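As structure tokens, here come the structures.
You will see two complexes here that share chain A, one where it goes with chain B and one where it goes with chain C.
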Partner chain A sequence: MTTLISDLFTRFPYASFESKGNEYSLTVPPEKLYETASILKKNELVSFDFLCDIIGMDYGDSLGLIYRLNASAYPAYTLALKTSTGERENPRIDSVIDLWDSADLYEREAHDFLGIVFTGNPDMRRLFLRQDWKGYPLRKDYDASPEANPIPLENEKIEDMETLPVIDLNSDRKIEPEKLFEAGEYVVNFGPQHPATHGVLHLRVALDGEIITKIDPNFGYIHRGIEKMCEAYTYPQMLHLTDRMDYVSGPINRHGLCLAIEKGLELEVPERAQYIRTIIDELSRIASHLLGWGCMAMDMGSITAFVYGMRDREKIMDIIEETCGGRLMANYNVIGGVMADIHPDFQKKVKDFIPYMRKMLKEHHLLFTGNPIARGRMDGVGYLSKEKAISLGATGPTGRASGWRNDIRKIEPYAAYGKVAFDEMLREDGMTFDRYIIRLDEIKESLHIIEQLIDTIPEGAYAAKTKAIIRVPEGEYFSRVENARGEFGVYINSRGDKYPYRVKFRSPSMTLVNTLKAIAVGTKVADLIMLGGSLDYVVPCIDR
Partner chain B sequence: MEVKDIFIRNMKTEDFNENEYLEEYLKELRANGVNIAIAKLDELINWGRSNSVWPLTFATSCCGIEFMCLGAARYDFARFGWEVTRNSPRQADVVFCCGTIVHKMAPVLKRLYDQMAEPKYVMAFGSCAIGGGPFKKSYHTVMGVDQIIPVDVYVPGCPPRPDAMIYGMMQLARKIKLQEFFSLSERDVADRAHRMEAVAIGASENSQTEEKGGEQ
Partner chain C sequence: MFQFSVVNQWIDEFLRTYLSEGWTLLVEFVLVALLVLTAYAVLALLLIYIERKICAFFQCRIGPNRVGPFGILQSVADMIKILLKEIIRINKVDPFLFRLACFLVIIASLCTFGALPFDGGLHAIDFNIGVFYLLAVSSLGVVGILLAGWSSNNKYTMIGAMRSGAQLISYELSCGLSLLSIVILSGTMQLSQIVEQQSDLWFIFKGHVPAFIAFVIYLIAGHAETNRGPFDLPEAESELTAGYHTEYSGIQFGFFYLAEYLNMFIIAAIAATMFLGGWMPLHIPGWDRINEIMDYIPPVIWFFGKTFFCVFMALWVRWAFPRLRIDQLLALEWKILLPIGLINILLMTLLVIL
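Showing the complex of A and B:
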């Protein structure tokens, strides 16, 4: 792989390279960005076909972008393609929307936060903030005073939502603004407050009869500006914000952030803490999948399944509460380990839970999986091919249901995952039923992981000693963990201070909504809710 | 009716906190005396109303998951007659405001509240809904729903446990039991209008609307 990459890099004489372990970085001038990205995607040596994230940066004197690329054939290696432009008034970068399907929302996000315009992307509306919002919040000179942007009293205008702003390349030419929907199209609003959208997601759906022709997701109804807030917080202070992003798998997110900071500090985490972290992660994965399963079943009209799922989830909540102190918000991981040692009853309760959950899983299958009505709705609906899944960046169970091996626990074993034997659940068909059943299979596999660890938790400290004031050395740190929904990535840019310079979270749910946009076209409107349930996105994680 | 006479099933009056607030509220309501015949009828109606409050499902983030737990098997708020969650504001009596409200969501919440029929109540669940909570430093968070709509009961926590939510609901039931249904249209609405005015003044102070600028 290393020779392949160095071979590939010889094609970019204008670029500068760096490498650190499995992480490569490539810096190019902005006018060469599209050319480089195109070669990286389309070459015959290593095709970087998965665009993991686009990180917008404000370096102070210039604005920059970092494209995190992965090759699905060599998932352990990551490439950061960097570019920056000194233009702050009118920054323009070429769009890569035709190379990766996931680029669409990422570019809109960078535009929303930093005001970078992507030439070639026809949809340059703001993604999270209202279209009439003043300023770009992630710029360092942003005016955050409430006077600049008072609480709005009126809803956003529909015209604002569906008019694509015109980017005039030649300012003397007047162009008519483009509409997202045509005049005669029948548009239905789903949300922003609708119980089946799994949070406050606003979907605008164009229909032909009851067939969906186009979906336009509208985010930002729970955008809290977590990334900007992190810049004003010290490292231990910002940990609690990650629990509140994807709240159903909060401990895993927090684990990801702790890993990134520990990488920066080069801190050795005690083995006991690693075991405890792994067990808590797997417990919350089970809790999350149970909730996802129950909600998907409820979206299809089976309230019984929801009640069953929540009943079993309460058992996990009890275990987590006893050890961590919180039910939903565990607030358990800290830099260098965990907050407190496990409760004396922890091992016993977990060991009681494993056979109970196995028994209940059989009941869940009996109740819902074999149900002819459920099968009739799920089979053959919402096909997602492997290539499309990679291009959309649909990581996690969704991608694995289409046959894409993307489990970070296998690719880059963190914590105690390297010490246990478990299988990466994989299915080939990519239908709604596969996305449904893979979650129940993953619960079984998680129980298997916990079973191997629970009796062998080593003695020792539960957290490494850290300094009172934590200063992360200057540099850039990436980490990624396998969230219940997919790859949760953390990027920290530190300037050696006790506050981070920039923090970016890669939300797995954002690409899942993009996936919904792709797979729901052509299906019936009644299936939209079920498809959303099968992707199991969490909206506050998207909005951050 | 005295505050100590309010009968809430499964919980004694002395176990409740915040009795002073209710006593003051009662004093305010009874300032002009009570019609005895109507008062008895009020008690009967309020008994019915307080035991079948229909919530509007309005969950924006984390607290919504605890709200789901509240509806599921273990905590089961159907025991108190609150289980008929409505998705239309026109059929709901109380907004369960679970989660952070941000700038983009604020007009949506205001509109939902305006669409509800009187008598209507608002419960703010969790620190975000009370005062911004952990997102106090954010540029996009509304620092508490009481900046947009009047709130009847605040339930602190991040997120509050389902038990705390049940306690908050019982507090609202006590408040409902004190009210005079027949004269509600005059007095309670006036009270609400007064509070709304306070909210509007607060909002205009924050945003310095054109109106205020015109006065100067």
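Showing the complex of A and C:
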């Protein structure tokens, strides 16, 4: 792989190249970006076919972009393609939307927060903020005063939301703003308040009778600006925000952030803490999958299944509550370990839970998996091919249901995952049923992981000693963990201060909404809701 | 075997001793109407309580348990609440049709309810075209649902109403066909005679296989007509928030709610009357001792017992199955139930002729 990459990099004489372990980085001038990206994607040596994230940066004097690329054939290696432009008034970068489908939302996000215009991307609306927002919040010279953006007293006009702004490449040519929906189309709003959008997601859906012809997701209804808040928080304070992103698998997110900070501090985490973290992660993964399973069943009209899922999830919540103090917001991981030692009953309760959950899984299969109506509904709907899944960046169970090996626990075993034997659940067909069943299979596998660890938790400290004020050395730190929904990535840029310079979270849910857009067109209204359930996205994770 | 006709005659004679012919009839009409309305309301409360309790047992919960012993007064409290609730005025609706719709739904359901034979004498009106009347009046409700969806001026309600129209009209066919096979077997459409004919054996046993098939088809199609269970597409709450009654509030919504529960009861009651002998106790030819014992149980209890058995089946399906999609729903009717129903009628006719 190393030789392949060095061979590949000889094709970019204009680029500067660095490597650290399995992380490579390539810096190119902005006008060469598209050319480089295109070669990286299309070359015959090693095709970087998975665009994991686009991180927008304000370096102070210039605006930068970091494209995090992966090759699905060599998932352990990551490549950061960097570029920056000194132009702050009217920054323009070529869009890579025709190379990777996932670039669509990422570019809109970078445009929204940093004001970078991507030429070639037809949809340069703001993603999270209102269309009439002034300024770009993640720029360091952003005016956050209430006078600049007074609290609006009127709703955002629906026409503004669906009008694509015109980017005047030649200012002498006048172009009419383009509407997303035509006047005669029957457009229905699913959300922001709707029982089946799993939060406050707003889907504008054009219907032809019952058949969906167009979907336009609108985000930002619960955007809290976590990335901006992080820039003003110290590292231990930042941790609390991650539980509030993907709130159904909060401890895993927090684990990811802790890993990034620990990487920066070069902190050795005690063995005991590693084991505890792994067990808590797997417990919350089971809880999350149970909720996802129940919600999908409820989206298909089976409320009893939802209650069954919640009933078993309750047992996990009780275990987590006893040890962590919180239920939904566990607040358990801290830099260097965990907040407190496990409760004396923890091991016993977890050991009781494992056979209970195995028994209940059979009941879940009996109630829903074998049901002819449920099978009939899932049959033949929502096909997602492996190539499309990679291009869309649909990580996690969704990608694995299409046959894409993307389990970070296997690729880059963090915490105690290297010490346990478990299988990466993989299915080939990429249908709705695969995405459904893979979650129940992963519950089984998570139980297997916990079973191996629970009796062998080593003695010792549950957290490493850290300084009172944590300063992460200057540099860039990436970490990634396997969230219940996919790859959760953390990027920290530190300038040696006690506050981070820039923090970016890679949300697995955002690409899943894009996946919904790709697979739901042509299906019926009932299928749209079911497919949403099968992708199992959590909106607060998108609206960070 | 005690029958209510004794009580009826006694009241009639009592009134006639004091009042003239016309006044007697008027008083009797008012009494019957009051009785039917009260029974309608009380049954609705009872059904809501039963559904909530049974659903809770299916879902490992306790269900209502705070208001009164075992929560039996919960639905009374809910009724008082819904009566006191504000009726929200919606902008840009068609006010006349919007208000009319909920009445149409409940009137259709009440008219059907009034014609049910609860007992030998507890039968408000006994047409010679009883079955025909039940089918005709119960399908009026779809007009109310369509109007509700149309007049609300809301896209969700519109989709809900369209689904409902397609669904009810389709399943009406299977309902009619399965009842028709019993009409062929009994040779009459008068409900009292249909029940009387089952005094030796219920039609579901008398009619052999065709009657059983008709019973199953009727349960499925009837269940679909109540917009519940796997057939709740018109109000699919995870897709269309509340379907055709999204915009309704207060007692206007209450009317839809009442009608939904009573329709479930009505379908179950028709199934009980047509297939399971209505208020007629279980009589098996030749087993005279058992038949005598069965006669000790009052017919009203037989009627409600059978009806609630069918209601329980409906609830069971409702809380165990996920929802169908619209194309699957229509395929089930037009490709499966309807052909089977047609063949079944042929079988039944052959059975009667031979």
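By definition in this document, the second predicted complex is superposed on the first by the 544 of 544 C-alpha atoms of A that agree within 3 Å, B and C clash if a C-alpha of one lies under 4 Å from a C-alpha of the other, contacts with A are read in each partner's own complex, and residues count from 1 in each chain.
By our rule, contacts are C-beta pairs under 8 Å (C-beta built on N, C-alpha and C of every residue); 3 or more make two chains touch, one makes a residue touch a chain.
Just so it is clear, the structure is predicted and the values come from calculations on it, not from any experiment.
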Touching partner for A:302 - first (chain B), second (chain C), both, neither: second
Chain B versus chain C as contact partner of A:185, first or second or both or neither: neither
Touching partner for A:367 - first (chain B), second (chain C), both, neither: second
Touched partner set for A:132, first chain B, second chain C, both or neither: neither
Chain B versus chain C as contact partner of A:540, first or second or both or neither: first
First (chain B), second (chain C), both or neither touched by A:423: neither
Contacts of A:194 with chain B and chain C, given as first, second, both or neither: both
Touching partner for A:524 - first (chain B), second (chain C), both, neither: second
Of chain C and chain B, partner touching more chain A residues: B
Which of chain B and chain C A:291 touches, first, second, both or neither: first
Common interface residues of chain A - those touching chain B in one complex and chain C in the other: 194-195, 307, 311
For the chain B and chain A complex, residues of the former touching the latter: 57-58, 60-62, 64-66, 68-69, 72-74, 87, 99-100, 102-108, 110-112, 134-135, 137-142, 147-148, 158-159, 161, 203, 206-209
Chain A - residues contacting chain B, complex: 128-130, 137, 142, 144, 146-147, 149-156, 192-195, 199-200, 220-226, 228-229, 232, 240-241, 244, 247-248, 291, 306-307, 310-311, 313-314, 317, 327-329, 540
Touch list for chain C against partner chain A, complex: 58-61, 155-156, 159, 230, 232-233, 236-241, 319-328
Touching residues on chain A, where the partner in the complex is chain C: 186, 188, 194-196, 207, 210, 297-305, 307-308, 311, 367-368, 371, 373-374, 376-377, 524-527, 529
